[in-house]
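Take a look at these structures.
Below are two complexes that have chain A in common, paired first with chain B and then with chain C.
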Partner chain A sequence: MTTELGIAVVNGIFVGSVYSLVALGIVLIYRASGVFNFAQAEFGTTGLFVAYVGVELWNWPYWLGLLFGLAGAVAMGLATERLVINPLRNASRVTLLVGTAGVALAAIGIQFWQSNEQPIRQMPKLVDGVAFQPFGAAITYQHLITFAVLIVVALALAVFFRSPSGLAIQAAQQEGTAAELVGISVRRVSMMTWGIAALLGGLAGVLSGPNLSFTAGHLTFGAGAALLPGFMAAVLGGMRSMPGALFGGLLVGVIEQFGNLSIFGYMSGGGEMMLFFFLLIVLLLRPQGLFVRKAVAA
Partner chain B sequence: MQMRKRSMRAAAVLSVLALTLVAGCGQKPGVAQLYAPGAQGVAPGQPGVPGQPGTIPGAPGSTGQDTVPGASVPGQQPGATRSGGTAGTSGTGGTGGSGGTAGPGGDGGSGPGDTTGVTDKAIKIGIHAPVTGAAAFPQRSFENAVGVYASYINSKGGINGRKLEVLFRDDKFDPNHARAVCKDLAQQQKVFMIIGGAGSDQIDSCARYANSVGVPYVSAGVHETRPGLGPLSQLRTYYAASLTYEQQAPLITDLVASQFDGETVGLLVASNDSLDSYFGTQQASLEKAVGDNLEFADRVPKNIQSEAPTIAAQICNSGVSAVVWNAAPSGLINVTKSMTCSVRFLGPGNTNGLNIVAQGGCPQLDDAQFFSSFPQLDKINKMDPNFEPAYRKKNGGSNPDDIGIAIWGVEKLVSQILAAGGKDLSRESFMAAMDSGKTFDNGVYPQVNFGKSRFGGTAMHQLRADCGSNRFLTERLNVR
Partner chain C sequence: MTDTIPEAPEESTRELPPVVAEQIDDEVEDAAPFRPSVRGWVARGLVWALLAWVVFALPGNFLSPFQLGVSDVGHASKAAIFAIIGLSLNVLIGYTGTISLGHQAFVGVGAFVSAYVVVDMGLEFWVAVPIAAAVGGIQAALLGAVSLRLTGLYFALVTLAYGLFAEETLFGITAFTGGEGGKNVPRPLGFEDDFAFYYLCLAFLAAVLWVDWRLMRSKGGRALQALRENPRVASSYGINVKAYTLMAFVVSGIFASIGGALLAQQSTFIVPETFNFQLALIFILMTVVGGLRNRVGVVIGSVVFALLEEGTLVHLLHLDGILDSTIGLPAEFFGLVIGPILLLLTITLYPGGIGQQVAPIAQWLRGKKLDLHAGKVTEVEVNDVRA
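Take a look at the complex of A and B:
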């Protein structure tokens, strides 16, 4: 039993690293514009597909393929902001939510269309091999790199939100008109926010993709599904807390793996069922989430 | 008021907590075993199926058995013994024959019956298979494959003078969607009969629907029964054209026993309730053959996602040499990608033996052995020389793939049965041709005979993954 729990914790942390990256993007968008971004995971899948094209189809060097993938994700984020979010800036949040869901579905449709010939794809790992095996759970170098990137990204975001640009994002979200009056370009801030969020999604995609095979919709409902866990992590973190999103993602990963050991484990979605129970308990006890003091109005 | 709110919240929390504990504390059955060694149909023959036993005058096939016209058994090599001779030692292959110029059929029918989908000039049939979803097969493969044999046979004059039309639908690896597409095929497209391409739950769902509306349904063998819904063999219109999973269980056990004597093995089967019967049969068979060396027997989710690393760790930690696997191919690929040890996978077919699985699962899937109702690309040209030219002709010179072989084989088999249904083809005469007890042998699928039951398979081909070429090779033919 100790071995099983150990495997669950280890696998949970590394699966949770991807959830954390997705959750950070969700929280960033929410903090900046109050939008629940349902396209966040698809930024990652799109980045993964673009990186795949660079690395596997065009035989580019791996690092260049990764940059190409991240650029693809950022381009998608910026396009979403320009073509969907900006035109709908005065619409209700529900409309914006539906808009981001539409972006995700459109991206998945394009991925299906483009992957008809070879629906199951694989990306080589950044570094192949197993670093160590606590409890028999294989910790690959790819896992370690993903975790390290998460830590670096979290620290960078913490610094960023104390910088003028970070403060500008918060100012623009809290009072757009006043922010414009003091010289902050809300339009530019919005694009920057969506670009950073898409970059986070792209990192989740290109780093998690090589761990499994991937198909269209990989991070939304495929083998690496991280959208729902990412939202759960963000909610656990209180929707506004970056540290909350980070630790929420790791926690969600571990709880999900525990769920796979439960009596629901043999069912598809057994882990997610445990997650829902856990989330429900947390929200009943702390509606504001685990990492903020006051509840956030949607 | 505040006290009341607190009480309600506390009650709610306790309720959820209790439910969670029930879920969490009840350990998944079988997990411990991974680490602890030792640890609505009308019955056939009833009214509605006239014409039994159908008489199908057939030219004797190369096996000397009573076969239907056109079943000239190309590629039935002398070396490919019925007990599973090694394919590599087979003979030079058959003459190829005409590949089924479906000649005058038998008189299996008993006069006019339900002729939906049949006109003087054409017979319209439908096929469903998973192109999207957890199975994720290339859509282009199915688009290219469907209708290859129909085009071929039509160029030879058709079936008793009628052209064969084939409609294809993606069932999305979803039983509900499968039922919907079969309803569309039956009611909107008004097909004569339906073929189930792959996916046990989808085949089950569509077969039961087809039975409810009297549409004949032919698929590769899957499970035999489903809890609460009864055996597929009791469906009036259902026919399995290859061995069921349960029938393949002893073959798999033989394979395990012969190759892993004294070594530990495991069994992992998807948690679909349709596989309950196979799981029980396979577990009992393995326990009888290898005893305590069956290290674990467990169920895994139908769609393996975040569970993949845990399942992989459990397999590697158990130290088994082989795992009998019957779950979705995408799950197999994801588990193998998470594995750090080398284990031989074995199992029933057909989908896990497709080349797309080898491409995704190699190198960890090297030497995996799966049964299949059709051979792989390395043998098909010897067994049926008409396949590749016909495939290229229909698809502008494209290279054939194994999904093309699968669909070619089943279309060819169904064409033989349609021919045997006679010129006055009806659903009744079609089913009577199958119920007649005659053997259908098309040189791609192992011989099929529905005389004893609706599960008409007699053998399986055995495939082995070759990660050097990232594909499956045909290891043995007609394993019984």
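Take a look at the complex of A and C:
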């Protein structure tokens, strides 16, 4: 039992680091545009596909392919902001949500279309092999790299939000009109936020992609689905807290792994069951999130 | 300074615009309403007849120069079923402003319950549909009772989690759904034929449309409209916001389950993977593109998306060759690529969706003047959800 729990926790933390990356992007966009961004995970899948094209089809060096993938994700994020979010800036939140869902579905459609000849693909790992095996859970170098990237990203974001650009983003998020009055271009800030969020999504995609073979919609509803766990992580952090989203992602990863314990008799979909009931309980008992003291007026 | 102070009271005691004036205006319009000429009536009658022919005669190969095959009429049945599902989502998103991202679960519950009743319990289809509808209503009531304390985006998130939970966990129970292998579902007696089954779907669609229409004319329907506009004001007028939202949720669940039961019979073979998150997104797309709170629009939108899904529409219009040769887009991906783009165009340019675009024609068909600006209401926008 202890070994099993140990495996669940270790696996959960490493799976959860992908969720954290997705959740960070979701929180960033929620603070900027007040929308639940359903395209966040799709930034990742798009980045993964673009990186795959660079590395596997065009035989570029791996690092160049990764950069290419991240650039693809950022380009998609910026295009989303320009073509969908900006025209709808005065629309209601439901309309915005449907808009981002439309972006996700359009991306998935294009991926299905372009990967028609070979629907299932496999991205090579950054570094092959298993690093160590606590409790018998195989932790690959790819997992370790993902976790390290998450830590670096979290630190970088913390530093960035103290810099002038980061402060401008925070100001525009809190009060757009007042930010314009002191000379901050809300438009540029919105672009920047979406760009950073898309970069985070892209990182989640290119880092988690090599763990499994991938198809279109890999991070949205495919094998590496990170959209719902990402949202849950963001909700645990009260939708506005970046550290909350980070720890929320790790926690959600662990909770999801608990669904695979043998006490559930290896039923199918145990992880989804755990997630659903965990989300219900959290939202009903502490709708403001686990990691915040006081609800922030939305 | 002395000038400005006396002015203020004047502002506040300004008379409200007389309410009577508006009523007089209406009466004047009523006094001399527009009546189409004889030619106008003939033209309208012809269009009505054409519509009726397309809906009733064309799929059954009556009075029709085209000989439609079994697969074509199968698509028509699917379109009618999608229209039922679209109306079910319209009750939720359109009437209450609550968004459900787990509607594929509702449809799936209807499909699997109906299949279970028919296959494992050996009962008739006519018993299975009410049971499926009841189970769909009960699961909606349970989920709603627990989670409607949450509103807006948080509620949407719960439905999203519920959808995945149902897809993976509930539909994964082999004894109930047949697991990965899926389940064969026989058609009801007398409707084994695809053509007869189409008319059955059409009858169910008509029934759902009628119930939806009557519901919106009832006290509950007016309460829903009021609470969508502003829940706080509505509750101050004595409307029990939560109870009515729950009612709408249950009605939506019942409609969706009926659609699911028909879907199971239509495809005669169902697997749990059919009811995935992508399907839920397509349901939302077709409802919003159709036009919220507009029954005609929702039905048209659902039909278009049902036909787009497997490229049927492209085949029917003989466009597949052109698309394949110009941009290399195979017909089966047409819906997946074009559908979301249609959605984005709709919500940015025509927030009223297809319902808004066809409003002039619909008005004209009802015997009014052809007014190109009909349907341009500003209130088609969904009110802000309360997140």
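Keep this in mind: the second predicted complex is superposed on the first by the 288 of 298 C-alpha atoms of A that agree within 3 Å, B and C clash if a C-alpha of one lies under 4 Å from a C-alpha of the other, contacts with A are read in each partner's own complex, and residues count from 1 in each chain.
Definition applied: contacts are C-beta pairs under 8 Å (C-beta built on N, C-alpha and C of every residue); 3 or more make two chains touch, one makes a residue touch a chain.
Note that the structure is a prediction, hence the values are computed from the model and not measured.
Asker: Given the alignment on chain A, is it a clash or a fit between chain B and chain C?
Answerer: Here chain B and chain C cannot both sit on chain A without a clash.
Asker: For A:I169 in the superposed arrangement: first (chain B), second (chain C), both or neither?
Answerer: A:I169 contacts neither chain B nor chain C.
Asker: I'd like to know which partner A:L280 touches here: chain B for first, chain C for second, both or neither.
Answerer: A:L280 sits against chain B and chain C alike.
Asker: Quick check for you: in the superposed arrangement, does A:V22 touch first (chain B), second (chain C), both or neither?
Answerer: neither
Asker: After superposition on the shared chain, which partner residues are touched by A:V235: those of chain B (first), chain C (second), both, or neither?
Answerer: Only chain C is touched by A:V235; chain B is not.
Asker: With the two complexes superposed on chain A, say which partner A:M192 touches: chain B (first), chain C (second), both, or neither.
Answerer: Once the two structures are laid over each other on A, A:M192 reaches no partner at all.
Asker: If we overlay the two complexes on their shared chain A, which of chain B and chain C does A:G270 touch? Say first, second, both or neither.
Answerer: both
Asker: After the superposition on A, what does A:V103 contact: first (chain B), second (chain C), both or neither?
Answerer: second
Asker: Which partner chains sit in contact with A:A91 here, chain B, chain C, both or neither? Use first/second/both/neither.
Answerer: It touches chain C, and chain B stays clear.
Asker: Based on the superposed arrangement, let me know which partner A:T220 touches: chain B (first), chain C (second), both, or neither?
Answerer: A:T220: touches chain C, not chain B.
Asker: Which chain A residues lie in the overlap of the chain B contact set and the chain C contact set?
Answerer: Correct list for chain A: 112, 116, 225, 267-271, 273, 280, 284.
Asker: Taking the touch rule as given, give the residues of chain A at its contact with chain B in the complex, in rising order.
Answerer: 1, 3-4, 7-8, 11, 14-15, 112, 116-120, 122, 130, 133, 135-138, 211-213, 215, 222-225, 256-271, 273-274, 277-278, 280-281, 284-285
Asker: Mind pulling up the chain A residues that touch chain C in the complex?
Answerer: So the residues of chain A touching chain C come out as 36, 83-84, 87-88, 91-95, 97-99, 101-106, 108-110, 112-113, 116, 217, 220-221, 225, 228, 231-232, 235, 267-273, 275-276, 279-280, 283-284, 287, 298.
Asker: Within the complex, which stretch of chain B touches chain A?
Answerer: So the residues of chain B touching chain A come out as 9, 12-13, 16-17, 19-20, 22-29, 31-32, 35, 131-132, 136-140, 271, 298-310, 312-314, 316-317, 330, 333-334, 337-340, 356, 359-360.
Asker: Flag every residue of chain C that touches chain A in the complex, lowest number first.
Answerer: That would be residues 93, 97, 99, 146-147, 149-150, 152-154, 156-158, 160-162, 164-165, 167-170, 172-173, 179, 276-278, 281-282, 284-285, 288, 329-330, 333, 335-337, 339-341, 343-344, 347-348, 351, 381-385, 387 of chain C.
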